[in-house]
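Order as written gives the chain letters A, B, C and D; numbering starts at 1 within each chain.
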Amino acid sequence: MYLDNPQQLIDWHDKIIAKQKKIKKKILVCCGPGCLANGAQDIIERFKTVLKEKKISGFTVDALKETGCHGFCEQGPLVVIEPKGLYYTKVKVKDVEDIIEQSIKNDKTIDRLLYNDPQTDKKIEKYQDINFYSHQKKIVLNNLGNINQCNIEDYIANDGYQALSKALTSMSPQRVIDTVTKSGLRGRGGAGFPTGRKWATCRNVESDVHYVICNGDEGDPGAFMDRALMEGDPFSVLEGMTIAAFAVGAKQGYIYVREEYPLAVVNLQKAIEIAHENGLLGDNILGTDFSFNIKISRGAGAFVCGESSALMKSVAGEVGEPRAKYIRSVIKGLYDKPTVLNNVETFANVPIIIRKGASWYNKIGTPKNSGTKAFSLVGKVRNTGLIEVAMGTTLREIIYDIGGGIIDGRPFKAVQTGGPSGGCLPASKLDLPVDFDSLKEAGSMMGSGGMIVMDDRTCMVDVAKYFLGFLVNESCGKCVPCREGLYQLHALTVKVSEGKAEEADLEKMEKLSEMVIIGSLCGLGKSGPNPLLSTIKYFRDEYMAHIRDKRCPAGVCRALITYKITDACTGCMACIAPCPTHAITGKKNERHVLDQKLCTKCGACFAVCRYDAILVS
Amino acid sequence: MNYRFIVRPNLCTGCRSCELACSFTHSIDNIRGLTRIYPLDGGFKDLWVPVTCLQCEDPACVKSCLVDALRLNPNTGAVELNQDICVHCMACVAACPFGCSIFDEQHDMIVKCDLCGGDPACAHFCPTKALEWKPIEVKKKKVAI
Amino acid sequence: MKQNLDKLSDIFNRYPKNQESLIAVLQDIQKEYHYLPEETLQETAKTLNVPLSKVFSASTFYNAFSHYPRGEKVIRVCVGTTCHIRGAHLVQEQLENLLNIKAGSTTKDLKYTLETVSCVGACSQAPVVIVNNKYYGHVKVSDAKKLLRSK
Amino acid sequence: MVNLTINGRIVQAKEGEMLLTVLRREKIDVPALCHHDAVEPFGACRLCTVEITKEDWNGHSNYVTSCLYPVEEGLIVSTHSPKVNELRKTILDLFLARHPNSPEVRQLAADYGVLKTSYETVVDGNNCILCGICTRICDAMGFHAISTVGRGHGKEVAPPLHQVPPDCVGCLACAKNCPTHYIEYIFDNNYLTIWDKKFELMTCSRCGKKTITKEFAEYLSKNRDIPISYFEICDECHRKELAATMGQITSWEREA
């Protein structure tokens, strides 16, 4: 339906609501990255065929919704039956028929598919009652579990495009900027620059052309919030960008999506086409004289392209080398024109702020850090998944209340935020409120929202080595401190992990880090040493153990550990085949023997042993 | 005030004072530069022609420069070569139809007459006024350009 | 190796002929041929009116592009942070040993290509291995052989 | 005009000028290996980094590359503060680890008191410091014959596909402006070879002297509207010819 004026949007909204009221039950199948990896697609196909075969009166395929990420990826694939909120976890294809028979045709609950609370050992029927959900505050991610991914009717039914309509009809661009400024929204990409101020600067630059770019190059390893948003709720991103374009006077926008997210590209493309068909993008949006187009620009696998000036070069089809930003990109950005660049989550916040007002948004979170933040809670935590919490929630609440603590009840060691630009925070910082300023002060940063929990089996030297290795691979190679400095820092961490370092090397690393930070051209180099510096700061003992005692306390650094087979060995022979060097020998039911000379310490035996008979020391 | 650079081959004795003056004036770190002016055999008996840049109206050297290192100095009327910009591609040396962009091997740079920034040393030292740097008399008739 | 270039014009027709389309075009070529044959780079330079050196520079800068033919089965080991601390490097090593190649290369018989990828955003399933775009979660070292056999 | 203080001295500069330009004009010795006036500033070598502050910055200072930093009113610049010197030393130390055999790098490092690298020497280090001057000049001249290839520590300068560069005309600008003289070229009788591409040289029809490559002359003739005949005579023979022509005129004048 092509919308010629704002009134038509309201009419359409009412019509959809009326239509949806007729659907008695909805089957929401999570199609987030985690559930897809676990086979959600097969489940959907099965639902479709079974629904067709059974021909239940009052039920068509319409009742089936392929939603975005529901968050609790650990328990996927997830199926939710609304309106009751029945929450089925780890659903398999063979369960589909059962679900339809029991819970759709009838009103029964299938006990075996319910979530089992590990603390109380009780089955929980509805997801609202699960700790993982009850401690969250879902604003931006709210649509994700509820609507069909690329269905504009679902989006409009959930108040979608009302913010755009409000902005275009009853607000001036300046008032839009004022509202965003007053809301206190800060860039969700990591650095936390006030969004309103960015827009105002861009608007005030005189130029024939302004651009709006959405940064969907979620490069931080261990983060997938933006992926979930782009795939599961693409219209909110488009709406946010359109409002931003209206505010700064842009006619052309770009969404830069990283190469590893093909589904995000497909869904965004679909959403853009649908928005065009309905007069919500393109010329004369909603019949006003405001026009805006969005083009998708695919990344091609370069972490550095998350940096704004590199991203703009990449959009222009060039090599993604950053340039020095003494002249900021809001003033001279893409093709040297004033450009607003925000990340996916920031744009997704905008429609909500415009719709509900700045003061409503302001009340969420803390005074200087309003709103919520989405995180991907992963690592050695029990409940991994996609979460959204109010700013200022403590790390402890996130890791223990929502995350359910560490896997296997092991001790918490550190939490890594901010990806390769962030740092590792130790247990003493667990009560730190999560916001831009507190994390930065503690030596880490918000980053785009990856939160990786580590237990005592994670070696901090190894983590620092990992991140530096990552950055050496991802550095564009333009400036010397980053190209050569990070390379040498990585070489030094390798030296530590091999037990070949001296105490003086630690100081050398700290000094070189400082020089890389002040000397590098872009954010990648300037924040690159953070994982190293934060681990040296909080886990100095562990470094000293590697250097002085030639010992890796976590049992990770290969040069410093040995694998041994203990008396617990039952002689099950499970470890013999996986050993790539045939270092393990033994007969059935007899204790196996590991030849240390042949052992390459690959950990294959350790991973398969079910009797904890392999000891790492 | 406007000046003009006058060359009178019939007055040239081939004493090569101009060469010396040019070379000394363009010294770098007390090493003499390559002369930008050459008194050459004019073809007749005892006729010398001091050959130097004619500061053409539509200079081939400027056209040949791909990095814009050669520019007209509106104050002196000389086409000057900015050494900081020059990339030593030798295009101007090859392109000048009068051979007046020259490669100075000693200093590893391309040189050409710059009229000494508005006071050419060669004219100063020419004993016979074969080279002269003279103010232009204001003409009454002016042609609108 | 001469490549069939017929599909190239289809790819070019999808985009405006300018530098802005360069990366998209290269991606489509990569998708079509599974790598970037030399001739396609030359054609791209000509068609988009971008210097060949710029095309080559971009195609070597970005990780997504390969200049050599890839195997029938492309195995990508996610080495994102979560996968790393859950042992992805061990899986990678096991695959390297089994295939007798290093990550980033292809077996001589062009059957397998082993690559690493920095994060595919499926961290809750860590470690993750992707075989020809199919995701395998919670992979163990001992699963390596199974992965090679998988379809 | 803006006023700024450089190492305690008040200096005037034009608005929009880059700090390094001002420093060079004031004869303040700040090293820079990736700077060339023919091309846009790049900010890759970071050696020209200086410390800047302003009176109202409350003692906070910032480190910026002077080649890229536009001058501002009231800027207070120190070009050799302890931190800046330490940074330069570190960069030269890193350079020395990667390019141990480059005389230019060794000289500059020695000037800053770095005689031996304190880091691990990079095994396959060559003398290319990846300053990008060659590729940027090649781009500025409009040839785009060479470019950087790859990224990160393995980045290199190379012709496309690592083959003979089709767009190269053999102007030699890349080689002649390389700060470490890494790019090789060979003159051999009538030929010049660079980037493995062999070029025929123009020969003076009078004296037989070799000038620029034929391809370069043809390029200039075609794109810059210069008669090809100009390139057929060397500069010396051109001068002789001019003298002979002028010998027939008594005097000539040009207004200046």
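Here is the rule we use: a residue touches a chain if its C-beta (ideal position, glycine included) is under 8 Å from a C-beta of that chain, and two chains touch if they have at least 3 such contacts.
On a predicted model such as this, the values are computed, not experimentally measured, just so you know.
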{"item": "Pair sharing more residue contacts (C-beta pairs) when A-D is set against A-C", "value": "A-C"}
{"item": "Distance between the centres, which are taken as Cα means, of subunit C and subunit B, whole angstrom", "value": "60"}
{"item": "Subunit A and subunit D, separation of their C-alpha mean positions in angstrom", "value": "44"}
{"item": "Whole-Å separation of chain centres (CA-atom averages), subunit A against subunit C", "value": "23"}
{"item": "Euclidean distance of C-alpha centroids - subunit B vs subunit D, Å", "value": "26"}
{"item": "Subunit D residues counted as touching two or more neighbouring chains", "value": "148, 150-151"}
{"item": "Subunit A: positions in contact with at least two other chains", "value": "302, 319, 473-474, 476"}
{"item": "Residues within subunit B bordering two or more other chains", "value": "none"}
{"item": "Contact graph of the chains (line, ring, star, complete, other)", "value": "other"}
{"item": "All touching chain pairs, where touch follows the definition stated at the start", "value": "A-C, A-D, B-D, C-D"}
{"item": "Subunit A residues within the subunit D interface of the complex", "value": "302, 304, 319, 323-324, 326-327, 472-481, 483-485, 487-488, 491, 508, 511-512, 515, 518-521"}
{"item": "Contact set on subunit D toward subunit A in their complex", "value": "42-46, 49, 63-65, 68-70, 83, 86-87, 90-91, 94-95, 97-98, 118-120, 122, 129-130, 132, 148, 150-155"}
{"item": "In the complex, subunit D residues that touch subunit B", "value": "36-39, 137, 140-142, 171-173, 176-177, 202, 211-212, 216-217, 220, 224-226, 230-231, 233-244, 246-256"}
{"item": "Subunit A-facing residues of subunit C, complex", "value": "18-24, 26-27, 50, 54, 57-58, 61-65, 79-87, 90, 93-94, 97-98, 117-126, 128, 135-137, 140-142"}
{"item": "Subunit D residues touching subunit C - in the complex, by the definition given at the top", "value": "135, 138, 144-151, 159-161, 165-167"}
